[in-house]
Amino acid sequence: MQLGTLALLLTQTANVLSQTALLFFLGVGLTLIFGIMRVVNFAHGTIYMLGAYIGYSLARVTGSFWVALIVAPIIVGAVGVAFEAGILRRLYGRDGSAFLMVTFGLALILGDVVQIGWGASALRVAVPDLLSGVVLLLGEPFPDYRLFLAGFGVVMAIAIWQVLERTRFGLLIRATSQNPEMARALGTDVQLIRSGVFGVGCGLAALGGVLASPLVTASLGMAASMIIDAFVIVIIGGMGSFVGSLIGAFLVAFVQVFGNFYLPELAIAFIYLIMLLVLIVRPGGLLGKED
Amino acid sequence: MGAWRGLILVVAVLALAPLGLPPYMMTLLTEALILGLFAMSLDLMVGYTRLVSFGHAAAYGFGAYCSGWLLINTDLSLPSAVFVAAIASGVLAIGVAWVCTRSTGVSFSMLTLAFAQLLYAITFRWTSVTGGSDGLAGIPRRPGPFGLTALTSKTGFYFFVLGLLVAAFLLCRQLVNSPFGAVLRGIRENEAKTLALGYNTRAYKIAVVALSYALGGLAGALYAPFAGFANSELLFWLLSGQVLIMVIVGGAGTLIGPILGAAFFMFAQHQLSSYTESWAIYFGMLFIFFVLFVPRGIWGSVAARLRRPAADGR
Amino acid sequence: MSITPKTKRRNLIAPAEPKTQRLLNRRKVLTGMAAGAVTLSMGPAFLRRASAATGPIKIGMPLALTGPIGIVGQQIKRSCELWAKMKNASGGLLGQKIELVVEDTGGNPAACVRKTQQMVDRDGVRIITGIVFSSEALALAPKLKEWNTIFMSSSNGDGRLTADALVPNFFRPNTSGPMGARTVSLHLRQSKSNKIAALGLDYAWGHNSVQVFEEEMKRAKKNFVGKLFAPTGTKDYATYIAKLKDLDADAVFLVLQGDDNNAFLSQAKQFRLGEKMELLTEIVDLDSIRAVGDASLGLMGSSRYSFTYNHPKNKEFVALWQKEYNNVPDTFEGESWQTMAVLEAGILKAKSIDAEPLRAALETVELESVKGKLTMRKCDHQAVQQGFMVKVVKREGFSHPVPDVVAVYPGDVTTPRCNKTSYDD
Amino acid sequence: MALLECEGLTRRFGGLVAVSSVTMQVATGEVRAVIGPNGAGKSTLFNLINGVLPPSAGLVRFDGEQLTGLTPAQVCQRGVSRTFQLTALFPEMTVRENASLAAQARDAQRWLPFGGGAVFHRARAKADAALERLGLSHVADRPAGLLSHGDQRLLEVAMALAQEPRLLLLDEPTQGLSVEETQQAVETLKTLLAGGELAVVLVEHDMEVVFRLAHKITVLHRGAVIADGTPEEVKADPGVQAAYLGDFADAAD
């Protein structure tokens, strides 16, 4: 029996939301890092992959997906902070190409570290038992895990937004992001913010990696397939814009789910077309300023 | 002039290379020269105009597909096909540049990336012309024009590449030292001021992007008959990133530097991957090392040493 | 020299390498590094070339060891290393030792051509094998004549390599893509599933296999309800799963591999797709089964090689493998083993590794291998061999599901006609 | 006949009227200062004259030709050069290269993609002359970014001058200078403008500078002209004193 139109729309919409959540974790980290540091982080996809692999090991050792979900981002965030403190910190004031090179370098190094540490085979991460069931959406089975992803995405988006709006850390981030000149005036806090934001950005990417692993397994191909999506999200939304990354993630998820369904011929070109269109109409992205 | 003597010496050494080097080294060297041309073309944008393209693979891949398609489907000779492909890349670039130069900074970079990826997607889909995911294979080096066969042999092709690289280098050198080049430097250092001085900066930018793409396309157009195939990897963003790194490693804004950077990149990757499977780690560390300790790139640092302290900046 | 093959790099994955050997290799790496600069000059290349005629039999392996499907290259390398080790232990071939020259191509056709050129020039390699990607194989094929080198495919499935793109020095002892599609079709002819769909990766292999399959289904008077193509690197298969449900098929033929395959199978299980339709795939391999675990249970498909195939040669091979590597051989490990068996037969028959006599000998090879009876076909250099239909099941003594052979189809029905990529019956 | 004529020049940004129906003329040899409190529309007026912004209404004529609708580059080509309120130089180039690049902009062969020895020669001669006139010859070979702030301001003027303009728009040439530097700059400018071959529009906050350099003064307030005349006339105008000095007190930047 064919799917009813309504059931189809409903499942597809739920899919859009769960994908938006995954893409958002990646995009928001990248956009925060760019907003504060003017660094286009080419290692972001690899960081996401590292999160998935560390999550895999933690889940195996502790037997709990939830421990992995909390601890892996912290570990990866620490890696990010270390990289910022050890390398990036020496480069502020240099032009963008320096950051391109070191983050590209980091991507190569981490990619190989993962292959040496975990091997070339894809690794299985099971959906946690609690969420391995399905709900029926108008009679169609829909995985609990995906609903959880959508919900978790909403919760995290609100949480990040609240941190940005309500805390001093968030205030400093917004201020620095909107006016890089102000960074100088803020004195000692600047270093803290840069380390913090790079760490948080990497941690969020790792969170995305852990969450994606039950859907796609932990594999060496994760990095390459995700980095372009992450760029597109951030570019569409406007580099440095939190809300922009949310909108970008939604748009990309939307065209991937609905576009691929109705116009499969255009599947691989879709996101680039959207990116081009947005940039032609608004050169700085939907919510970004041009610089 | 010392510079001329140096150039003639290097070209002479390269011209003698086929006498001494085994065939696989010639393959490696030819590929390095082609990549050198590619990197040098990007230097016009990055080093001289500070137009950081994240999508320069578009030029390379487009040139490669053009010359590949022409050599397979028409009777054009190797030099004609290469020439036509380079021109076509330049023409394509006028369109790309017209759109991209509406933006500046990171937005410009991202627009070039978007164009390159779109081209990548088109190549992938338009199977009847591009061969889809397989790309074009069995690209011949057709002799001619006027019955000229010398360029089709391995050594002949090497000289063809070398000759074009030297010609392109001289062309670029002329350009950056010309009044046009002075304006590019102005745009690099302060575009708003250059505009205010009465230069139509956008026209200059479009022109330099077109020339850069044409030369990048020339490199790609040489690559296709060199390798015998062209595939969508040649348009992928990874190559755009790599060529940008070649430019920076070699020294942006020096023309020679990017050629060295490309050669260094090629040889290092080739050798490292022979000794260890984990070559990517060493490569990554090399990049970081360069950024930290050789910020001006290979040639930038050498040139700074060579130059007498009294000489003026850059 | 040592009894194990000379690999030019430290072995990262294979755990069974003895310690002394590893140290030796590391020293080689160091001296190799020192010699790096020297390699750039011309001297050693000619010396080595001169020694090639009398030295060991050098087999070039320009493999994609790194990158997204580096695992395939790793499998091929492991298998060939074991083969070389066994041969060298019993005195080599034609009294000469086997030496494997392994290089990483990263999956880049240009690097593959360049490194092979180097092996041919510098190391005097006259036989190459193990090339992972079809794009690499297609790039190498036109050069074989110039290099006077034999190319033994062990994993290249692209049908055209033995059809339009066939060159005299290319041989395919392994199963090709169309043969996999054919095997699944043969299975479906007897199945009661009537409404059939296909989902392939959106590139040459996917399109070719789906096309072969579609023609097969139409000839079998099945109702072919639709075909979908997903770009390589698709992470979210939900939309394709929804579309398959929408097509309301009884069975779906999958032409996916690597990460795409794993992602699809994991997500199909989460969406309970298997309860709606039969999932059939062109390649069943252990690596993927391990990666998705129970989500692969019940999956059926053709297998290019399965360690569970009941044949004396295979049992012998599996036992040997278990002793060496402490696990069971996977698809490309078995395929490579068979390829090396064909090569060995050819070399022994030709009593030479020169391309001319070796080609002539290979064209007439017939043997029993781990996959049963195999006949090399002179007309298109495709090995006529059996096709296996497997089902993924749980089995005692394994921590993961395993493919169980449920049907074996004879070579003359699974292999396409000469120089063809499709079938007429 | 006046060289520059603005007629009813108006510019709105949304609801805000930045420049409201400004009419003014500047003749060759004349230095006209445009003054007014912050936000009076002085910079916007400059932007309207040299084509950075299109006017909402009104027009600009230069030597009888309508400038409205031309790009800044085209306006510049016709002989209108301007300096910027915030120093904008090519910091890594030498002082001479800065001025030379400015001069090259008026050369018919400025775009020549090869050779160009003659172009460079011409531009350099003009650049050297301009540097000489502003007393910058002794620093000609230094990178512009390393000059003192005062010299950088003068270089701005030198670059405009090297273009051999017929109309010079000076946007706060002494902005950010110390008292002594201002004194010196004023002297230099006074000598420079004494030649009488240039028409000058000067925007300036420093009243002393204005009164020493300007022949005529236009006073803007909230975008509109509230007074126009010689320095003496303007000084005596009660409306100006009320509007201007009142605001000026709290506009101490």
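Descriptive notes on the structure:
All chains are identified by letter, namely A, B, C and D, in their written order; residue positions are counted from 1 within each chain.
Keep in mind that, in the parts below, a contact is a pair of C-beta atoms (placed from the backbone, for glycine too) under 8 Å apart; a residue touches a chain by one contact, two chains touch by 3 or more.
Just so it is clear, the model here is predicted, and its values are computed rather than measured.
Path length between subunit C and subunit D in the touching-chain graph (shortest route): 2. Shared contacts of subunit A and subunit C, meaning chains that touch the two of them, come down to B. Relative to the whole-protein C-alpha centroid, the nearest chain centroid is that of B. Taking each chain's centre as the mean of its CA atoms, C is the chain most distant from subunit D.
Centroids of subunit B and subunit D (each the mean of its C-alpha atoms) stand 43 Å apart.
Remark: subunit A and subunit D have CA centroids separated by 50 Å (rounded to whole angstrom). The mean-CA centres of subunit B and subunit C are about 36 angstrom from one another, to the nearest whole unit.
Between the Cα centres of subunit A and subunit B there is a gap of 33 Å.
Residue positions 12, 66, 202 of subunit C are each in touch with at least two other chains. Multi-chain contact residues of subunit B (touching two or more other chains): 124, 278, 280.
Shared interface positions of subunit D, i.e. residues touching 2 or more other chains, are not present.
Counting only pairs that meet the touch rule, the chains in contact are A-B, A-C, B-C, B-D. Note for the complex: subunit C touches subunit A at residues 12-13, 66-71, 74, 202, 228-231, 233, 235-236, 238-240, 242-243, 245-248, 258-259, 262-263, 266-267, 270-272, 287-288, 290-293.
Remark: subunit B residues 46, 52, 99, 102-107, 110-111, 113-115, 117-118, 121-122, 124-125, 237-238, 241, 244-245, 248-249, 252, 278, 280-281, 283-288, 290-292, 295 touch subunit A in the complex. Remark: subunit C residues 8-10, 12, 29, 32-33, 36, 39-40, 42, 45-46, 49, 65-66, 103-104, 106, 108-111, 113-115, 117-118, 120-122, 134-135, 138-139, 141-143, 165, 202-204, 207 touch subunit B in the complex. On the subunit D side of its complex with subunit B, the touching residues are 50, 71-73, 75-77, 81-82, 84, 88-94, 97, 100-102, 104-107, 109-116, 119-120, 123, 141, 143, 159, 163. Across the interface of their complex, subunit D is touched by residues 174-175, 177-183, 185-186, 189-190, 192-201, 204, 207, 312-314 of subunit B.
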